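Pasting in a structure now, in structure tokens, and then I'll have a few things to ask.
Letters A, B, C and D mark the chains in the order given here, with residues in each chain numbered from 1 onward.
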């Protein structure tokens, strides 16, 4: 066997060590799913802490959820869900070769991500004003019991999630540029698919995080 | 080699009686399987080594009977080991209802034993143990023979672990809740008590003895302690029993320990880790005992445990007096 | 494949390009493997020297050689370096990187740049750990138990960040290998035609991918605890130190399988190739790797029997623990059965197989002792445990890894080391290993706790034997290192297939060319399909029906 | 401490442990089924009055065997309807939280709704449906490990006080403070 038989149809973006474009695409897809798998386990650590301490200190968790701003949480949920929609639409437009529309949708996703972070930082600022800080630095008055612990978990979870959003925004900007330069196309769309998957993962984490922190009492 | 005595210290805990048999059982399983497997390996190596004429026709790659056998037999043995070990474990961990309760407190790097019924306390630092051994009085944790004992442990700083090999007892003591261990000593004597959970600089020095005495001697011991605790409070005793001597020297030429030497400390100016200076007066001394992290002298780590609530006002006053007197004769010259 | 018989003028991967940059920024899996080899060897020497000093300190009962804080820092460094910088990356990242694509008949791993990135990440993590050492070192033990690790002084946060970063290196390597095994197998190589090393690496990678993220979040929380006081494990805020232990062991017990599973794979390869016959129970060995990976992830609580964990949980974990022993036993029996009616070559790799089997059996069977609840209460955190995991981790994982290096050394460097010297040294290693670690079983079961800087005089003589053994062991390992390096530089040129192996890596040059194979190799049979008639093929023939 | 009771409980736990191992493949299948949201998909199909398996788009693509080289992006309509369902579920979960249910029920419904939402995102937005089967395996394995992590850790935490003894009781900070035994070695937290 040799490469020559396939090299005629072999696009330039297929790396030399792959047999075919199909192989490369499916490898990228599997790799991304494995990455998502490990991200799930990564966040599971914080959810584990949440479950364990909820079990040990139910009263703290009751008053803790009350101290969080449900309206802002709900608003952010809607914002993130919408950004997931714009994300899939961006990839769809790319796949049907409507490049400009695709980039517009990515920009919309980025804007929604920024809105999310904006709401989040307003929320943080309110908390800080009330002296609600994680762990040792907690000096608020609204929450009973192990308030420092509750807000330690709150800030760690939402903070790590926000960090993922920030990374996602960077990736999206990079993606838009590569689409603009024609480096990511309807044929060679692994990068767009994978960044899309990442963005949905960020959404998924929030889908669980929101009711657990804000809603359940 | 195949006796429990060779491997394990003599067991003097009635609740763990017979638990060593499992060790011997597994030892035999180990030896037999090692001999069988290694024997087979060496025999094959001898029989089929390259260059030696042997029947090498159709070497098997599957043998259902053999594979089932070597799956089932270990499974059975492992089940036996599991049930045996769990049975003994439950027996060893459940304190009898009538058990004598002793509170054990771990602290960097000494043990405190409280006898709640009698309301007395024993502290076991290495220095105190040596002193007691010289005086001929019982050392460390003193328990009566033939009486079930329940140790209720906790820690005031990091995790420690009370480990008494002769009793087959080990339990971590934690900073946020109580853990229990139980035993029934069958013999009088002195047995080692180690800290088995790594806890810092003097982890290996956090050892003391368990002294098992007759019931009469135990009562005498408790009565003596009661007398001492009802007498006037002496600062030097507080200093020794608080475990302070473990880290702080008190003489002029004491080598620097984990903490600064206290010789001639009173009235001195000390430089803190923050770069500020502080005058050592009664307030500073008291603060440093109650909340040592607040102001740490330069060159030393934030390792001293807080003594908040651990000293009565009377004891604190006596300790202050003692500390002020350390090196006072040449301290005045400064 | 007749064209393979003539030596091609194409340069090997070693000589394909020159200069330090061509190494540090290469995406060639073989060069990355060699760089991992150099890095892990340096760290292993460092960790080994630390171990030597620790043993010298323990030569006498009194603490007299170093001060206790230095001792505590040294055993912490020894543990952290050996676990995070040596054993976890050794087999997967050195042998895995070099051999995996070759065995698959692939030109490279699926994501070569990611592969290079994980090496750079590894270096960055190692640099942070070493930075922590330079900044005054940390004395938490490699287990970082809270609240000690959150309250002790020293640059613990730096070390933890290093571990966090090393975790990513491990995750990315695992991810890369899984995708490579799924997507890059040569035509004809079905799952059950894969060499057993690949099954083992697959299981390893799965564990790396699933368990390491939990370590990452754990150490991240510790870093946050030490820097901003987030309080999740702080008892003063209601945090639970035992929860930390659950977090930690959820990773660190499976990490034991990250270390030992590739060793199983290496042994499976060596035992079949050097006995020149098909391996006994291929499917049993292959699937037991996966079942060890799964069941091994359910048993972490057996590190916590005396920690104040609920006794019910302890019973459950003890029960599950014994299930790991069964697939492990199946593997050992299958390896020994493979020797039956073989044509056993007494080569250095085979010597290491024998060493491995003996040491690993002792390590594994003492694990049964520790899995039994009643006995673990006495033995937990004593030298018995230290001896047990050194038998498994060093006697198992490291010995198999060294054996694997002997097996693939001629492939990696194209030159052979002195074989007779290697065989003799392996016996030295075996003897001195037992001399070092066997006495530890005894002092442990007699009650000497681990991590002790000084100990009671009763234990002195056994400790002295161990110390002498350790020095001998160190000497034999340095001797091994010496002749291996000599072999790589000046040894006689090795043939393409010095051991008459059948898997694909033996079909290419020694050392391989940059693109691994001339053309795409294909597979039409199992990896150990040696002719099973009375005639034994001899010489350098490939002997493969392809 | 009642030893007989203990042993009974222990055997209860054994059977949990045993069923873990025995049920491994079954659990895996259930997880795959849940995450491929077969049920949701069927419900949507019935609602839209089309044959099951055609919700993915106007042009029905036969499921690719190994990898999706055939690119037929799902229709915008599907994406928008998934998005609208997500919004509805968000309203539902917020609404449920206003009902003032008991904690246990509130947690249950929150997790159920969140899982439904996650299922929708995973199946359609992340194209798990119709994607390579391996992706389902990867996802269900990591969810399985996460569940293991939660269950076995909680097996410890939830049974600590079962002995009814001091064992496992929380010497809470308040209790310690009252007794004057504030765990130390740390700076004391600011008193609330």
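Simple rule for what comes next: contacts are C-beta pairs under 8 Å (C-beta built on N, C-alpha and C of every residue); 3 or more make two chains touch, one makes a residue touch a chain.
Just so it is clear, the structure is predicted and the values come from calculations on it, not from any experiment.
Just count the C-beta contacts per chain pair and the biggest one is B-C.
When each chain is reduced to the average of its Cα atoms, A sits farthest from chain B. Centre-to-centre, using mean CA coordinates, chain A is 34 Å away from chain C. With centres defined as mean CA coordinates, chain D is found 42 Å away from chain B. One simple way to say how far apart two chains are is to compare their mean CA positions; for chain A and chain D this gives 18 Å. Annotation for chain A: residues 26, 30, 34, 37-38, 41, 44, 48, 52, 56, 136-138, 146, 148 touch two or more other chains. In chain D, the positions touching at least two other chains are 6, 10, 134, 141-142, 145, 149, 153, 157-158, 168, 170, 172-173, 182-183, 185-189.
Chain contacts: chain C has residues 147, 151, 182, 210-211, 214, 234-240, 242-243, 246, 308, 311, 315, 319 touching two or more partner chains. Within the complex formed with chain A, the chain D residues making contact are 66-69, 71, 73-74, 76, 79-80, 83, 86-87, 90, 93-94, 96-97, 103, 106-107, 110-111, 113-114, 117-118, 121-122, 124-126, 131-132, 134-135, 138-139, 141-143, 145-146, 149-150, 153-154, 157-158, 170, 173, 187, 189-190, 192. By the touch rule above, chain C contacts chain D in their complex via residues 147, 150-151, 182, 206, 210-211, 214, 234-238, 240, 242-243, 246, 250, 294-295, 297-298, 300-301, 304, 308-313, 315-317, 319-320, 323.
Looking at the complex, you find that chain C touches chain B at residues 63, 68-69, 72, 139, 141, 145, 147-148, 151-153, 235-236, 238-242, 275-282, 284, 306-308, 311, 314-315, 318-319, 322, 325-326, 329-330, 332-333, 336-337, 339-346, 354, 357-358, 361-362, 365-366, 368-369, 371-378, 380-382, 441-442, 445-447, 449-456, 532-534, 536. On the chain B side of its complex with chain C, the touching residues are 7-9, 16, 19, 22-23, 26, 29-30, 33-34, 37-38, 40-41, 44-45, 48-50, 54-63, 66-67, 70-71, 74-75, 78-79, 81-82, 84-90, 92-93, 157-159, 161, 163, 165-166, 168-172, 174-177, 179, 192, 194-205, 207, 301-303.
On chain A, the positions that touch chain D within their shared complex are 21-22, 25-26, 29-30, 33-34, 36-38, 40-41, 44, 47-48, 51-52, 55-56, 58, 62, 70, 74, 77-78, 81-82, 84-85, 87-89, 91-92, 95-96, 136-141, 144, 146-148, 186, 189, 196-197, 200, 203-204, 207-208, 210-212, 215-217.
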